[in-house]
Amino acid sequence: MVIADPIYYIVLPLLTAFLLPLFGKLYKPLIGIIPGFVFLFLAYMSVILMIDIRPDNPIITKIAGWTPPFGINLVFSSFSGFIASLISIMGFLIWAYSYKFKKVGFDDSLKYFILLLLVVTGSIGIVLTGDIFNLFVFLEITGISAYALTALYRGRDGAEAAFKFLLIGAFASSMILLAIILLYTQVGTLNMAEISVRMHEVDLKIKVLIFILFFVGFGIEAEMFPLNGWVPDAYSQAPGPIAAVFAGMVAKAGIYALVRIIYLMFDLEGAFHLLLIMGVITMIIAEVVALRQEALRRMLAYSSIGQMGLIMIAFSFNTEQGVFAAIFLMFNHAIIKSLLFLTTSFLVYNTKTKLISDLDGFGKKMPLVSLLFGLGAFAIVGLPPFSGFWSKLYVLIAAANQHMEVIIALILSVSVVEIIYYFKVISRLYFRKASEEIPIQKPSLNSSIVMIVLGLIIISVGVYPDLITGLIENATTSLLNKDLYIEKILPGLAEIIN
Amino acid sequence: MQDFLTYGIYGTAIFLMLLGVYAVLVKRNLIKIVIGLSILDSGLHLLFVAIGFISGGTAPIFSPMAIESANKMVDPVPQALVLTAIVIGFGVTAVALALVIRLYRHHNTINIDEIKNLKW
Amino acid sequence: MNWSLILGITITIITAFTVGMFYGGISRKVTARIQNRVGPPIWQNFLDVLKLYSKESAIHHGWMQHLGPLWAITASTATLMFVPILNNGQFYQNLNFSGDLIFLMYMMVFGQLGMALGAGQTGNPNSAIGVSRGLSQMVGYKVPWLLALVAIMVQYKATSITGLIELQNQIGWLMFASPFAFIAGLLAFIGMMHYSPFDIVFAPSELASGPPSEFGGKYLGLMMTSGSIFTFAKLVLFVDVFLGGASNILELLLKTFVIYMIPVIYGIVSPRYRTEQSIRYFWGWPTFFGVIGMLYAWYMIS
Amino acid sequence: MIEKKDSLAIGEYIKNFARKHSLFVLAYGTGCGAIEIPPTMTSRYDAERFGIRGAATPRQADVLLITGYLATKTLKRVIRVYEQMQDPKYVIGFGSCTINGGMYWDSYNTINSLDKYIPVDVFINGCMPRPEAVISGFVKLQEYIQEGKADGWRKYQNNIEEYRENQKRIIKNWRMPDYNL
Amino acid sequence: MMNSLFLLLFILFGSAILSYIGHRISETLGNIIVVVGAFSASIWFFVGFETPAEFSYKIADFDALWSFSSYSWIFAALVSILSPLALLYSTSYMKGKERLGTFYFNFFLSILGMIGITMSQDFISLFIFWEIMTWSSYLIVIYLGKDVEKVGIKYMIFSAIGAYALLMGIVLINREVGSLLIEDAFAYFPQIQFSTQLLIGILLLIGFSIKSAMMPLHVWAPGAYSNSPMSYTAVFSGALSKMGIYGLGLVFIRLLSSGEFTLINEIFAWAGAITTLMATFYAIIQDDAKKLLAYSSIGQLGYIIVGVAIGTELSIMAAIYLAILHAAFKGNLFMAIGAVEKQTGSTDMTLVTGLIRKMPLTFFSTLVSIIALAAVPPLGGFVGKWMLYQSLLASEHFFLIIVIFTASTAAFLYSFKILYSLFLGQEEPEFKNIKEAPLPMLIPMILLSLFLIVTGTFPGILFEPIANGMKYLGFNDVNWNMSLLVNAWGDEVNLQHVSMYIGTIFIVAFIFISLKNRKRTRYVTTKDISTSGEIPLPHENLSFKLNFYKPFERAISPVMKKTMDSIYDEIGNGLNALFQFIRYIYSGNGQGYALYVIIFFVLLLLLKNQIFGL
C-alpha cells in the first residue's frame, strides 16, 4: 500500500525542485529522470485517491498538525481532487513529452525542470489548499515560475512576454493581497470554510468590494478579458510544452480559484451575472481575434482564452448541469489544448516564421503530428465523435435549461468562428502543396507516445463519455454542496456561528 | 493623535499604492516600472501591518501579562502574512529585474514603448 | 393488338398533317396577298414535303442528327394523341384520357429538345445559336402560357382537357369565362407559333435558318411533317382549352383557322424582335394579363 | 394494269412534278446580277407562285444560282457549296459572265466558263438578265426537271475526275476537305 | 451476439479502416477492399435485417435508439444503392490519385454518417452522425486542394451554422421534452409553449435546409459540389443532400404538424421555389459543367423542398420520389461528367466538344439523365414533377407553381447546354484519341440509366416503399398505381400508354427514316457544314460555345445583379474589418494591459450597484 496523502502533492515536487541541482551534480541525467519519478508518483497517487473519493468523504490534511481554522489544511475533495489529478497527470505527460528536453545544455534543462516542478506545485497547491492566504502564496509560486518559464528561451521574445505577464501578474497579486487584507479585517480568519460561514456578517458593500478585488485578481490568471493581455504573448513565447502547462494547469488553477471564491465564499447573485457577462465577452473577443491571427501559437492562445470564457459561462449558470459542463470543459480543454500545443510545438519548430501560412503540406512531412493536430482541432471545435463535443453539448443543455437562448446562440456562433480558423489550419496542413523542402525534425519517440496517448483519451472519451462523467458528477456534487465542505473541514462550526 | 496616526498610516499606505500604480502605468522606463511595483507592494504591506496594529498593544506572545490584556494583543496573523508577502514581493522584483536585464540585452533599450514585438 | 386504336391514330395523324399543311399553304398565300403578290398555291407545302422526301441523297453528322427529327415527330404526334380532336368522342379518341395538360406541356418540349440535340450535333454554329435563341424564347413565352393554363386549371379544378371541354359545354367558352387568362394564353400562343416577330430562331438571312440549317432531304421533310402536325396539335389544344373544343370537323377547322390567322397576320405586319426583347415582351404585358387572370381565378374560387 | 416499269415511271413523274414545283434556291450572289434577285422574288414578279423560294443553306437547297462572274477564289466556295447540296440538285448560270466570262473574259482572276467546273443545267443570258429572263430561265429548268433532262448532278458524279481536274487547274492551292461524294 | 444495425455500421467503419490500410499497401488491394466493403454493407442492409431491428443504449445519460423507420428506410436504401455504385465508379475514376486511403476513409465515413442519420431514432446520435458526415465530406471537398480556402471554408461555415442550429434546436427539445428520442419529441411537442415550438421548428429547419442547399443558405453548394472528386459528388449531391430533405420531412410533417405553422411552410416553400428559379438561372450562365450541375442540384433540391414544405400527401410523395430520382439522375450526371473529366482532363464546356462519337455510352447515360432531369416524359423525372404540380394545384399554391414551372422550363436551357457543349458540336482534333470510359465507370452509369428508364413507365416500384414510409409520417392510406398517375380531381396520366405510344411511333419513324434512301444516306464529319462556302481549317472549331445564352442573360440581368455570394462576401469583409479592429485591443504594450486591469477594476467599482443590485 502506497502512502497516499494530498500533502505529497505539495511536498514532493517542492522538495525535488530544490534538491534537483544537487542530483544534477551527482549524475547529470538524473535531472530529467527524478522529476519523472515524482510526477509518476503523483499521477499514481491521484489514481489511488480518486478511486475512493466520494463527494461526502473529502480527504482533509492538516499541515503541521494545526487543525483548521488555525492551521493550513489541504482539501482533497471530489472536485479539487479531480482538478489536482488532472494537473498531476498532465504534469507527468508533459514531463514525458519533454524528457529529452531539446538537447539543450545542463543549465537550461535544470531550470526547466525546476520551474516545471514549481509550476505544478503551485497549481496543485492552489487547487488543494483550504486557506486563502496559502492560495495566494501558491498563486505567487505559480506566477513567478511561470514568468521565468516564459522567458526560458533567450532567442525569442520570451523576456518581453514574461515582463508583460509579470506586470499584470503583479497587479493581480496586489489585488488579491488587498482583498485578503480586507477580508481578514472583516471576518478575522483566513480559512475558506470559516470565511464562508462568516461571510453573511460582512457588510454588503465591503463584500462586493472584496469580491471585485478577488474577481479581478483571479480573473487575470483565469484569462478573463480584458485582463488577458499576457496570454497570447506568454503562450506563444514560452517553450512548447510550457504553453500546454499554461493551458492545462495555470489557467485551470486560476479558474478553479475564481470558482472557489464565487461558489464557496461569496453568495452573491450578481457574481454569477458578472461571471456570465465576462465569460461571454471573453469568449467572443478571444475567438474573434483568433480568427485574424497569422501565427499559429498566438491563434491557439486566443482560442484558449475563448475556451476559458466558455468555462466561465458554464460556471456562471450556478446549476448542477452548468457546473458539470464546466468541469467537463476544463477536463477537455486541458487534454485537447495540451495536445494542440504539443503538436504545434513540432509544427512551428519546423517552420521559419511560425506563421500559419508556412504550414502548407505539413500533413505529408509530419503525418503523425499533423494527424494529431487535426484530431485536436476537431475535438476542440466540438465535432463528434470526439470528447470536445460532449462538453459543448452539456454547456448548451445547461444554458438551455436556464432559458438562455441568446447565450446558446452566441456560443454556437462563436463556435462557427472557431471552426473557421481551425479548419483553415487543417486545410493548409493537408490540402496544400508544400512550398519548399526544409529538413524536418521528427518528433522523438517519447513525445510521440505522449501525443498519441492524449489523442486516444480524446477519442475514447468522445466515443464513450461515460468513462469520465462519473468523476465529473462527483466533482459537481462536491462543488455545489457547500455545507458538506464546511461541515467536513470545521465540524460543528456552522451551528455554532448561526 | 491616535486617529491621526492610524489614518496617517492608512493614508500613507494608500498613497504608496497609488504611487506605485502611477509609476507602473505612466513611467516608460522599465526600472522605474519595477520600482513602481515595489512601491505598490510596500503600500500593501504597510496596510496589512497597520490593520493588525492596535495602539498600545502588546506583542502577540502568550504570557501571564498578555493574557490579562488579551484585548490589547496585536493580531499576529497579519504580521506573519506580511513577512510572507514581503518575501514574495522580493521574489517578484528579482525576477522582474532579471527580465529587465534580459530585455535590455535583447532590445538595447529599457523604454517599454519600444519593446512591442509581440502584439495583436 | 388494338387495331381500331392504330387506325384511329393513323387517321388522326394524316388529318393533322393535311390540315397543318394546308394551313401552312394558306398562310403563305395570305402573306403573299398582303404583300400584293400572287403567292404559291395553297398546296405548295405538300409539294415541298414531297420533294424533300424524294431527294435521293441525305447526309447526317451523327446519330443525334439522325434521331432529332424522329423526336420531333414523336413529340408532335404524341401531343396530338393526347388532345381531344372533337368533343363527345365523335372522332377517334386515341389516348385522350391518358394525359392531362401538365403532361402535354412537357410533351411539347420533348420534340424541341430532340430537335435541339439533332441541330447541336451538326456542329453548325448557326444551329446552335438558333437553339440557344429558341430555348431562351421558350422560357419567355412559357410564363404567360403557364399563367393562363394554371389559372384555368385552378379555377375549374381540372387538369385534363376532356374535363375542361365538358365544363365548357356547361358554362360556355373559357375565352369569355376567363378573359384575362385567354388574353395571356393567346399572346403566349403567338410566340409559340414562332412567326414574326418571334422568328429570330429561324431567321433565314441571319442564321441561315437556324436549327435546321444542316438538315436536308428526308430529314427536313420529316421536320416539316412534324411541324405541320404540331401546328395543328397546338391549335386544337388552344381551341379545346379556350374555345370549348369543336363538335364537328367543320367547327374545328373554323376555330383553328381563326386562331391560326392571328399569329400569321400579326406576324406579317411585324418586324422581328431580338431574343431578349421577345423574352421581355412575354414577361411584360402577357405575364401581366396572366397574373390578372390568376388573381381573377383566385377571386372566383374564394 | 400498270406495269412495274410504268409504276416506276408514274412514281418518277410524281417526284419530278414535286421537284419542279418546289425549287429552293440558294443564290450565290457575289456578282452584280444578284441585284436582280430581289425584284424576282418580291411583289412585282413574285417567283414564289412557281414554287420558287429562297433557301438559307445548301443542305436545303435544290437550285444553286450563280449570279455572275466567279473569281478563282470564289470558285472554291461554289464547288464546296455545290457538293454540300443534296441530290438532285440543279445549277443555273446567271448572266453572261457564267457563260463565257462576259466583260471579264480576259480577266486574270475570273473563270470564263462555269460549265467546266460544275455542271450547269440552265444558263440565263444577259448582262444582266431582267427578272423576266430569270423567271423564264426557271421555267425552262422546270421543264427540264419534268422531262428528267436536268441531270447535271448525275453528270458531275459520273465525270468527277474530269471536273476535279478542271477545278484544280484554276485553284492552285487545292486544300479542300476530302468529301466522299 | 452483434446487433444487425451495429454490424452495418461496423462493416462501414471496418471498410473505412481497411481501405485506408489497403491503399497504403497497394492501390489494387485498396480498390478491392473498397468495392467489397461497399457492396457487402449494401447487401447486408438489404438482406441482413430481421425487421424491425433495434439497438438501444445509453450514452452520457441520454437514451439513444437505433432503428430504421419505414420513412428513414427509404433514404437509407437510397444511400445503400447509390454509394456502392459511386465507389465502384470511384475505383476507376480516382485511379492514380494521391492519398487514396484518406479519400476512401472519409468516403466510407460519410456513408456511415448518412446511414447513421437514417437509423438514429434519437437526436443525439442523429447529431453525432450528422457531424461525422459533415466533416468527412468537408475533408473530401478540399481533398483535391482546389480553392481550399474559399470553397472548403465556405462549406464548413455553412455546415457549422446548420449543425449548430440543429444542435440548439436539439438542446431546446431536450429542455422541453426531457428526452432526446425522436418519438418522444413528436409526442410531447404539441404541449410546448407556442413561441418555443416556433423557435425549435425554425432552428431545426435551418439546420436541415442548409444541407439541402436552400436559397439564402446555398452558397456553399456550387463550390463544394464542383470541387470534390466527381465520384464523391455523385453521393454528395445524390444522397448527402437528401439527409437535409429527410430531416425537413420529419420536422414539417411530424413536428410542426399542428397546423399553426402554415406560415413557415409557406416561407420554406417559397424559399425552395426561389432557390429553384435562381439556381436554374445561375446554372444557365455557367461555363463549367461541374458548376452547372452543382447549381442544377441546388435547383432540383428546391423542388424537393417545395414538396416537403407544402406537406400534403401528394406533395410529400412527390418530394420523396423526386429525392430518389434526383439521386439517380444527378448521381448519374456527375458520374458522366466525371468520366468526361477523366478522359479529357477538363470539364470546361467551352473547351471540351464533340465527344458523342468517342464516348457514346457516357452520352447515352447523360442524355437519359438529362431527360429525367428536365422532366420530359416518358422518363421517371416527369412523374415526380407531375405529382408536385398536381399537389401544388390541389393545395392552391398558384404562384408557386408558376415560379417552379418557369424554373423547370428554364432548366431545359442548361440541360441542352451541357449535352451540346460536351458531347455535340464540332469534333476537335485534340480529342481524337479519347476512349470510352472504362468499365467500372460505365456500369454504374448504365445501371442508373436503366433505372431512370424503368421508372418512367413503372414508377410504382418506387411508390411502394414511399407509401410505406409515408405511413410513418402519418399518411396512412396512400393510393398508388404501378403506372397510372391520378391527381386530386381524378384526372390521370397513363404512363404505359405514353411509353407505348412514344416507343411505337419512335420505332416506326426510325425504321422509316433509316430505310429511306438508305444507300445514299451518309455520314459526314462535323467539319462538313454549310459555312457560306468558307472552309474551316482543321484547328478551327466553329462550335458556338461562349456566352451561349447571352440573350437570356440579358433578359434576366435585373435579377442577377446582386448575387447571394456577394452579399455574404460583403458581410464577411465587414466582419473581418471589425475583427481586425478588435484585434488591436491587444496592442502589445505591457503598460496598456496593466491599464486595462485598472480600468476594468474601476469600471467594476463604478458599476457595482448595477451588477450586484446594491
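A, B, C, D and E label the chains in the order they appear, each numbered from 1.
Heads up, the rule we're going with is that contacts are C-beta pairs under 8 Å (C-beta built on N, C-alpha and C of every residue); 3 or more make two chains touch, one makes a residue touch a chain.
A quick note: this is a predicted structure, and the numbers were derived from the prediction, not measured.
Participant: How many hops, at fewest, get you from chain A to chain B via touching chains?
Facilitator: Contact-graph shortest path, chain A to chain B, evaluates to 1.
Participant: Starting from the defined contact criterion, work out which chains touch chain A and chain D both, please.
Facilitator: Both-contact set = E.
Participant: Common contacts of chain A and chain C?
Facilitator: The common neighbours are E.
Participant: If you count the C-beta pairs in contact for each pair of chains, which pair comes out on top?
Facilitator: The largest set of C-beta contacts joins the chains C-E.
Participant: Taking each chain's centre as the mean of its CA atoms, which one is farthest from the centre of chain B?
Facilitator: D
Participant: When the C-alpha atoms of chain C and chain D are each averaged to a single point, how far apart are the two points in Å?
Facilitator: Centre separation, chain C to chain D: 35 Å.
Participant: So what's the Cα centroid distance for chain D and chain E, whole Å?
Facilitator: Chain centroid spacing, chain D to chain E, equals 58 Å.
Participant: Mind checking the centre-to-centre distance between chain A and chain E? Centres are C-alpha means, answer in whole Å.
Facilitator: Their C-alpha centroids are separated by 44 Å.
Participant: Touching two or more other chains, which residues of chain C qualify?
Facilitator: 55-59, 208, 213-214, 217 - these are the residues of chain C that touch more than one other chain.
Participant: Any chance you could list the residues of chain B touching two or more other chains?
Facilitator: Residue numbers touching two or more other chains: 24, 33, 115-118, 120.
Participant: Hunt down the residues of chain A that sit against at least two other chains at once, touch-wise.
Facilitator: In chain A, 160, 163-164, 167, 171, 232-233, 289, 292 touch at least two other chains.
Participant: Can you work out from the touch definition every pair of chains that touches here?
Facilitator: The list of touching pairs comes to A-B, A-E, B-E, C-D, C-E, D-E.
Participant: Given the complex with chain A, which residues does chain B contribute to the contact?
Facilitator: Touch residues, chain B against chain A: 17, 24, 30, 33, 37, 40-41, 44, 47-48, 51, 75, 77-78, 81, 84-85, 88, 91-92, 95-96, 99-100, 102-103, 106-107, 115-118, 120.
Participant: Considering the complex alone, what residue numbers of chain E touch chain A?
Facilitator: 58-61, 102, 124, 127-128, 131-132, 134-135, 138-139, 142-145, 148-149, 152-153, 156-157, 160-161, 164-165, 167-168, 171-172, 174-175, 199, 576, 578-580, 582-583, 585-586, 588, 590-594, 596-601, 604-605, 608, 611-614
Participant: Any idea which chain D residues touch chain C in the complex?
Facilitator: Residues 14-15, 17-19, 21-22, 24, 42-43, 46, 48-51, 53-62, 85-88 of chain D touch chain C in their complex.
Participant: With touch defined as at the start, can you tell me which chain B residues reach chain E in the complex?
Facilitator: 21, 24-26, 28, 33, 112-113, 115-120
Participant: Quick one: in the complex, what on chain A touches chain B?
Facilitator: Checking each residue of chain A against chain B gives 133, 137, 140, 143-144, 147-148, 151, 154, 157, 159-164, 166-167, 169-171, 173-174, 177-178, 180-181, 184-185, 188, 190, 232-233, 236-237, 289, 292-293.
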